[in-house]
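Letters A, B, C and D mark the chains in the order given here, with residues in each chain numbered from 1 onward.
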């Protein structure tokens, strides 16, 4: 299905009991020779065999370390080749290597490209090669089955950002609700103007966060610093500024009043208020202040969060462990969920706690946001 | 199979084409009522339904925030309950919540425990509840399917260590070959005496590493420091000691000569030489020295590594990204492979590069080794 | 000096022995009242006192949770206030709090803003406040002094990128040599076209790396994938492509021949060869292939690396632990060194091994490069 | 002072203004020749010179790659040697290398050990060598000064654990108050029985945490699982167990009642209640339940936390970002603070937010606790 091919099951025999063999026979239909070759390669790598097993094909190597273009590239699973009407197990199995045949001795073995010599008979194409995947254990699950892996920072982020931007554009156009969950690292890493712009562009239908995001956003708007660090000139300016920001809000009575009286003129919360986008700030044990909008009772904060996410279609989590996991617990699995964090552990934690639909993007929110917004603007 | 139950497939109909429905009918057989209940709970959570759908059962809550013991606990997938012979979709679906019924209105919805009130009709047991898992996309794979997650540091390490120790004991007793791959963090974190003891106890059949492991092991044995840090008194002592260690080996001619002339009396390499355990040290661009045993040509080092791992049964990778990934590439998937690293990224990288059989243990090698050795001693 | 103020030492008495007190008297000169206030605030926070100690000043709070604008904000160090000609120690010391005075009881204590009440006498300004920093231990260094911290992902990356771009422009204009060290994650994260553009723009005078960077760059140029992953459509396409790329280079004889025969038309190595920028590829135990340009002997690779860095003025390390640490060992401390990695551990490791001049930027190389190149273009 | 030596300042001239030179003359007194040599080596590495500069000394190398035992080992800072009454700058400066002299040409340069040849004149001892550290910038602070690094996982953890155990023993014996801050990873990683034992042994005077620690501790005591994972048999058992644990507490009315009615018989909270150790559980937006002891109002939770830490002498933070940073904000800098986390980012964050006295131990809490408790028992 990933390859947009058609298929038909001709047989599907599942062994009745635990030790009975299973088998299937599938017809694959492609729209081009090339697509068919791709399909065949993939199913053979999964362990399939073709209806009539053809002899494995080889070419003779023309020079040391030079493979024919159609060389076969191994997996790390047990492999056999069909040679002189017999399945011969490949010796010395390793991944990303090549199979050398000695038909006269009925032997086949792996070699790395560096060891391939002129005259070697090297397997080409996919046919006549059978892969045996490790069997699932029949009894119990040990440490080897309990754990495995996959949050990777090594992904093509700019392409991923393009795809996200395009799905956000679709959704925003169609009345889909986009909820953003954000932590204060958005401000510290210089992301505030970009998230503010996303709000202005209409890509945020609700914002869920805590005290610190608001405090540092307002600190930045009023004093040009975040936790006292001047974000443009990159130096520590005044560590008391975040308390001064809190004091300004407390004196005005609310963030909204600070906007209304003309003191708060830019930033995330300015845009939220100007565009009537609802937000919920949940209190936590580590808050300074907090500012009046913060919901200090955790049960009440949960209730208000739930109200915002219950009809969400898209949730974007930006650099916030606490609020992301809280929101993850409230989401049905149908909601598209993206979690952007420089720390792979946050994504792992989300998934450990059951929000398995979350797509983790291990990147820097401070560089992610400008690139995303630049796509959204276009 | 994980539950060691028996089963029999009575039917298994796979839809012929891409849009045809599939279905199966399975008989489950357990050895106790309790085991059967567990099986039923699990298959229902996977989306199964029972042969005759029973009405969903509920109990009336006796006090605010008090659930009956047999409460049903939700997933985050779309769910329906069978009420008055009809499937009713549960509203406001979230995970780890509870389903409240209003049979008179034919409604069902989720509530968190904190919102459960005296008099609420809360679903109990597993029956009459149907879960609908998200469908796999029929066409193409987007960013949401390309990525997902699971290397977690939040695992019960001491139990895992016990299981590893027990499988090492089995293997060591039966002629299975254990290969250890190790990086210099083993020394810096204080693990040297423990790895040395593992060798002495017979749990290491070959060691694969690079220059730094040997240099710092010998530095520790000769001068009591690792990269100049005194490991017992935890202070920087003399940053030139690792070069002095290299100098001693160069003067003696080899590590073996340093053991033979009585200067090297303890540590990992002392034990390797004393117990005739083969080792291969691969050269790298960041080596100081290197000492004579280091294989400076990368092709030759690969060849020697491959010779050691080709008949390995068990590979333990300790805090070494470079050598672990190199060895991962050489291993058939049948080899039990354990990768211990404090950095989840190393395990992710192994898996990204195809060594998917590797079990990643995200823990500190400096605390892992003493706990493992204490199990092996027993 | 950070504040660009002038100063003059009038006295500087260092206690002769270990237990004798030291003192200094410094005159600070500023160009504005505001600058002077900043200077005074900073030196008072460091523990200085003013020549004549003024009484601490306070204002009476006008409403609950409302501070006067000039409120004093505490540190977590022991603090005293000068009240009625006496130094009074502040009780209940905590950071980011406020000092409430009870002159009638000669008491002073900390309160968080949330606990500040109408009528409280809260300290304002910096004068009359004395901070006592913890003393350095007189004997020995325990675990508490051996370790401390500071690689942070929470920095304003876009501003940092601007400053780097501007210093690169200065340097490139003035004949300064810029050496780039890069790992294959540059390719996997989609950074290849941007690093290629940096080379084209003249910002790279030498490139140091290993086999994998070249292999995946060429794989991307020839087949549109990196380790088999299509970077634009973000899907796994063909895991054998990197071996096919190696095979193409081996057949052509070298990367240069592949450019000369018109097959390699874009990417990092195409630009290096087109612009005659030297590069060194060091072999390693985990190489597939390797391609002919790779220096397989680690000693020889070190020698060639050293030749490139010996007159470097600027080194940029991109997502490569192995090569970055190797290069770090070769650099005099005067060379500006930037290490970009999503993993803070890499920067820590560089510093642990003595390259303390390295500036670590904990961000995603795949988003860092497009943003940097966009600044360099301008 | 670190070396427990005596010293006397004979002169200490600080340049009056920004561009004036400063100098000092210090007499060092040691109790042994060896101690004196160590002191001299260290101060020379810091840039000191001896009263009468002696000629640099060298020895002629006896064989390729063989250094004299007393070889000088370089730093990466600009270095000069005193040769024929002249200071000669060392060429090609790199760290951990050796200085070769050519007195006839008045040249000196660095070589790695691998390049040292028979007949080379290599510097020995520390005398006649002068190191010039980079100067602090006179104006402003750029990106290169704003950031630097040092949280390392590569530390000798078992020795650190011994030192912590010994300081805890001292403190516990002398009425010092020990406060533990803990996150639920303590339970998931198998640490619960060890923390419970620490309480029983009298090493915990107060515990600060949130809902999850209590829920999973009680889940483990009642059902043998943590978040549904059986910690001994390492398999997923029942994901609803943590809700069942909450339900048991809600039905009993409090954790204390669950202990009193004999249902809760082991674990951390059992020991806290049995030993009358106070605890505060702060509510958060991500709580399931919560159980009755949880303080749902964040302001009130802060107040109760502050009450516990205000007279603390020692704070141990175990795997909890949220609560650790909250507590860090409440601590005066004199309080010994240890933060144990597998994620270096947590320690960095603590320090970024001003708790600079915190000692970060980057290790696995699940292996740290058994090793610590085994030391405390003895």
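Assume contacts are C-beta pairs under 8 Å (C-beta built on N, C-alpha and C of every residue); 3 or more make two chains touch, one makes a residue touch a chain.
These figures come from a predicted structure and were not determined experimentally.
Undergrad: Sort the other chains by how far their Cα centres are from that of subunit C and give me the top one.
TA: Using the mean of the C-alpha atoms as each chain's centre, the farthest one from subunit C is B.
Undergrad: Counting C-beta pairs in contact, which chain pair has more, A-C or B-C?
TA: Comparing A-C with B-C, the pair joined by more C-beta contacts is A-C.
Undergrad: Per the centroid of Cα atoms for each chain, what is the distance between subunit B and subunit C, given in Å?
TA: Going by mean C-alpha positions, subunit B sits 33 Å from subunit C.
Undergrad: What's the distance between the Cα centroids of subunit A and subunit B, rounded to whole Å?
TA: 20
Undergrad: Averaged over CA atoms, how far is the centre of subunit A from the centre of subunit C? Could you give it in whole Å?
TA: Inter-chain centre distance comes to 27 Å.
Undergrad: Among all residues of subunit A, which ones touch two or more of the remaining chains?
TA: 2, 96, 112, 114, 141-143, 146, 153-155, 160, 163, 234-235, 239, 288, 290, 299, 302, 329, 343, 345, 352, 354
Undergrad: Spell out the residues on subunit D that touch subunit B in their complex, using ranges where they run on.
TA: For this pair, the touching residues of subunit D are 2, 38, 41, 65-67, 69, 71, 73, 96, 112-114, 153-160, 163, 185, 188-190, 226, 229, 231-235, 238-240, 242-244, 246-247, 250-251, 288-290, 342-343, 362-364, 366-368, 370-371.
Undergrad: Taking the touch rule as given, give the residues of subunit C at its contact with subunit B in the complex, in rising order.
TA: Residues 141-143, 146, 210, 227, 234-235, 239, 282-288, 290, 294, 296-299, 301-302, 305, 321-323, 325-326, 329, 343, 345, 352-354.
Undergrad: Under the stated contact criterion, what part of subunit B meets subunit A in this complex?
TA: Touching subunit A: residues 1-2, 4, 6-9, 12-18, 24, 75-78, 92-96, 112, 114-115, 133-134, 136-144, 147-155, 160, 163-164, 167, 299, 302-303, 306, 310, 329-334, 336, 344-345, 347-352, 354-361 of subunit B.
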